[in-house]
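Scrolling down, you'll hit the structures one after another.
Next, two complexes with chain A in common: one pairs it with chain B, the other with chain C.
Our next item is the complex of A and B:
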């Protein structure tokens, strides 16, 4: 039984957050997709500087330490990129369904399920060669995470359940499943005070990108973002998805299989977050435990919205947020600011970037001249 | 705003001008100083686990030649590895204290292998011969202080019902619950203790609900083992129940309800470790102790604590300080009727069996799973 076929997924024009820019489609207009966010970030930094000055700290010190902590040294760069790695993948979990007008905020759940599936695959295949185990982990993670988000898509399509709420609630179910398995059936009996699964084994761990200490999750994130960009802007599937996102009634009239589009897109979105979970296990933790619920899925939502749901723009935005995270420690240590100050900066950027949405198409010299 | 930062501003301009990847020496500490890094999983003023460590770190700040750098709310992911590296690379830290349990393996171990000349000290971990030699773990037998707190609770309860809000049913927590209950039963053999597990270390809403649920059932003394006991202490006091504290002294939060509490004493341990470190001595890789070694302490008794309770608690405390008292002495029966420590068996604090505790003793209402 299908939900009311007339119900639009996103009432057109109701939410400016969901308007997907056609980045790259019109070269002339591209300037505003770079300049306006850059301006928004500059404004947020000035606002944050004023905020910090209220606490009698020198804003110039602030900018200096932020720059040093995030991008000032080779170590800082690696710190930034390491933090950005999971965010690219979890941001895709929100950015892909957004093309269809769906707001999926449950990337954290897909990450946890992906991590659990990847760990299970590794533990089941202990005797196999490492490369085989790693590929199996990646597949298991992506399938697990993909099915998890597809569940939200299916509920949306077949039962008319709001995907934002269902994907969020599925995060708590995923966390409960993870805690149950980690503290129960999958628990390594020697993990006394930190219930965890058994380790996947050092040989099965995925190393770092040569010459750096950034793990491969970063490279996979970039590949996934580029593939997502090609899929959305350069394939028939992506075109159909964007049509459905723009006006679902029109999409149905022209005979697009909206249900299929929703399920496949949600699966791909969840697969990206599941891959992030797999990378956290295979490159960082070496096993599954409650540490995996570190909020990467939630930060990914912020990245996706700041990137205006553009898969390519997700990469620089994730690096920016990674940099803010990396410099946050230096702000605490040198300026004595509390950890929450970084959240204030993130919140300021978020609000200013969303507000800057109003500028698109209104700044005269940025518009493409009529030919 | 100050205007004496010309040199720094010049550095800023200079760095902006050169390529972004140019490494700039950022170390602030002079060569003669020792920089000690502290990393906390929660906020430094949580009236709990992290505040106890921050108080220990604060005790170092008055020591000459010691510089302390701190970072709070660092998750137990590769973020903590990067924080350690950042403290090493940018602040010149040579001794690090990543204080949360989940920092140990794989994160701190990995950093200890990467920086073999630096020293890493972890709270709560179980260092073994297989771990790097420049890594170490320390912990306090805080169940001794809980036992004393339990005695006071047993004397003060009118209903005979005690309550315990706990995070997870893991050995360290179960040991506290059991030691507290056994203390209470010394004072009041009929006392029972209802335990509620919230499932995680910092769940203020669930902690408040659990506290209310306990008091609704007639519990009149509440204690806890969660990262930030503030919620439990304040809620219990508001409902008119008495409280036993944990991690740090929470008497300021509930002056009329705070009986006593089990506290860490990192203010004593950290200067001890830093003195060993700066003197070139080796800090033992595995370091443990209780009241006797001053790693833990009992909060001063609240004004409402009766004379009989003080006397009984002081007696047991003195025996623990003297090392003549064993809490887990057979026969100990669990709350399902099974004998877990046979008669005649005495499990002293260093007994490794206690590190694997998976039962709740007789008198505890609740289950580990």
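Our next item is the complex of A and C:
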């Protein structure tokens, strides 16, 4: 932006909200990256408390039931972690391209396409052994979701089409394809009220982590987030991606293949969201239908921004947001709040967190001493 | 509408025409508003949320007061409020307008669903339609020519905005802020204030576009009311090269595309209904692929706009 000309060059990246600090050297400034988001969440909770107080509900009850529903009991913890699983993966769908300075918000579409591909794989391989089917489902879901987001990346790189808009348009196209297939060619004739595909079969379902009701998707989510972290911060590929994200001209000057970086990163991003779709089919729904469009893809955007696009920070933030989602049911039953209250709170957090970007580098006692 | 009637497959082009008029109105209002916002150098992706907020507010106020026009006004004010929120946050240092837009998309939708819960059941008075088809005996033609007032206002607004941007003092100030914030500052104007007003104006029109959804067509409030019209309209502004008259043409084209699915269904072609419903999104994508280029900035793009980088 022109306004930045003449401003001190110190820490200004391409676009401040995407600026990802190198993990090693930011220890001194790390407090900033924990305290400011925490403050933002606290402010959001207060604002939301005031909002429900306007509807004559006691905010203290609200906070109590939110805590109860999210982290109060072992049951709610399991509910929270189950919801966190797809959030980790869809957040990676936004966080990975963010390293390149791209804003991808189409995780929901990749999730739906991943679910469709995974279901198709399972239905095509009815006779195969379960483990083989599960691996095939995961591969199909990841490839489907990956190609879906890669399309956005390719359009950006080769045609200059804005990736934010194209990825969101692709969400609606994915939803139309899903509705078309589950009500037409792939419909199970016995699904009357809720058009669905045939079930993938109980033996092919992915079980739960022993001793819990949390399905394996949560473990896969954590593995994916750790792998993404290693890729971004500890490989040459990740370094190149961050260089390209910081200054695309510099990246071209030093001879980085920016196109390849964009395509691969977008593929991996979409693969993560596609895996989330596969998990929702193989561990929760057992089939594909419109229930899959539950908004995990959109909440994932919030998780990624709240985690400041850091793949490791995505894990705790996804658990927090999963907890907010898990508490929705209890808020509905005990306080009579509509189910959309979770959306309002999520939206409030998102807005406040972005507004808090203005605080970085401005709160004196959080700054590193200039060396 | 299961019986095609005496005019057979002529129903399809007629229904597409009628649909182009009906379905294009929200596209038209949102894209005109966004056009002004973007000409001031800022992009508001939150118009999807503004649209849903406008739909809910318009329906609620129309139900409570019995006057749909008050509903339209309230929807515009709610939209302007959302615009003010967007501009207020974007005015802070180091805050990115695209990210704030995404946040307000989620926030506006959530808030509208929350406040609109009690409005799903009741029926609110709707906006009137004007009958231009009195000369025809064919019911399908008459149905097509029953045109809503908001569409007429929108059509009239497009050339007015072209004129205002081109010749008025305010139009010049907005364009200056959009082309060079430094120049606007040098002239002594506050860029943030100009963009605040432009975004509020865009939100006002976006809210009115939303009230069309709940007060004219489909004409009720539910949570599935808007499916991406807001974001499609933002893409449409790029396609229309930031020119209000082209926004009008593009809106009609998109309305026609969106009406194709229901039109084909009305003559019994229900195969691929959902795919035809996706036609506007596919069309948007194809047009963006055809008109964008990685090598040059778009003709007519405001230089301060972050989306055309």
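One rule holds in what follows: the second predicted complex is superposed on the first by the 349 of 371 C-alpha atoms of A that agree within 3 Å, B and C clash if a C-alpha of one lies under 4 Å from a C-alpha of the other, contacts with A are read in each partner's own complex, and residues count from 1 in each chain.
Operating definition for what follows: contacts are C-beta pairs under 8 Å (C-beta built on N, C-alpha and C of every residue); 3 or more make two chains touch, one makes a residue touch a chain.
Since the structure is predicted, the reported quantities are computational estimates derived from the model, not experimental observations.
*Asks:* When the two structures are superposed on chain A, do chain B and chain C clash or fit side by side?
*Replies:* Overlaying the two structures gives a clash between chain B and chain C.
*Asks:* After superposition on the shared chain, which partner residues are touched by A:358: those of chain B (first), chain C (second), both, or neither?
*Replies:* In the superposition, A:358 touches chain C alone.
*Asks:* Output check: A:162 vs chain B and chain C. Expected answer is one of first, second, both, neither. What do you get?
*Replies:* Only chain C; A:162 stays clear of chain B.
*Asks:* With the two structures laid over each other on chain A, which partner does A:348 touch: chain B (first), chain C (second), both, or neither?
*Replies:* Only chain C is touched by A:348; chain B is not.
*Asks:* After lining up the shared chain so the two structures overlap, which partner does A:179 touch, if you call chain B first and chain C second: first, second, both or neither?
*Replies:* A:179 sits against chain B and chain C alike.
*Asks:* In the overlaid three-chain picture, which partner chain does A:338 touch, first (chain B) or second (chain C), both, or neither?
*Replies:* Touch partners of A:338: chain B and chain C.
*Asks:* Output check: A:193 vs chain B and chain C. Expected answer is one of first, second, both, neither. What do you get?
*Replies:* First partner only, chain B.
*Asks:* Give one of first, second, both or neither to describe whether A:216 is in contact with chain B, with chain C, with both, or with none.
*Replies:* Neither partner.
*Asks:* Which partner does A:105 reach: the first (chain B), the second (chain C), both, or neither?
*Replies:* After superposing on A, A:105 lies in contact with chain C but is clear of chain B.
*Asks:* Taking 116-124, 152-160 or 296-304 from chain C, which overlaps chain B after aligning chain A?
*Replies:* The one stretch of chain C in steric conflict with chain B is 116-124.
*Asks:* Output the chain A positions appearing in both contact lists, the one against chain B and the one against chain C.
*Replies:* On chain A, the residues that contact chain B in one structure and chain C in the other are 179, 183-184, 338.
*Asks:* Please output the residues of chain C touching chain A within their complex, sorted ascending.
*Replies:* Per the stated touch rule, the residues are 45, 49, 85, 89, 92-96, 98-100, 102-104, 106-111, 113-114, 117, 180-182, 223, 227-228, 231-232, 234-235, 238, 271-275, 277-278, 281-282, 284-285, 288-289, 292-295, 304, 306-308.
*Asks:* Could you list, by residue number, the parts of chain B that touch chain A in their complex?
*Replies:* These residues of chain B touch chain A: 1-2, 5, 8-9, 11-12, 15-16, 20-24, 26, 28, 43, 69-79, 82-83, 85-87, 89-91, 101-102, 106, 124, 126, 168, 170-172, 199-200, 355-356, 369.
*Asks:* What residues on chain A touch chain B, complex-wise?
*Replies:* Going by the criterion above, the answer is residues 53, 58-61, 63-64, 67-69, 71-77, 79, 82-83, 179, 183-184, 192-195, 215, 280, 284-286, 289-292, 294-295, 325-326, 329-330, 332-334, 338-339.
*Asks:* Quick check on the complex: what are the chain A residues that touch chain C?
*Replies:* Contact set of chain A toward chain C: 1-3, 15-18, 103, 105, 155, 157-162, 164-166, 168-173, 175-177, 179-180, 183-184, 298, 301-302, 305, 338, 340-348, 350-351, 353-355, 357-358, 360.
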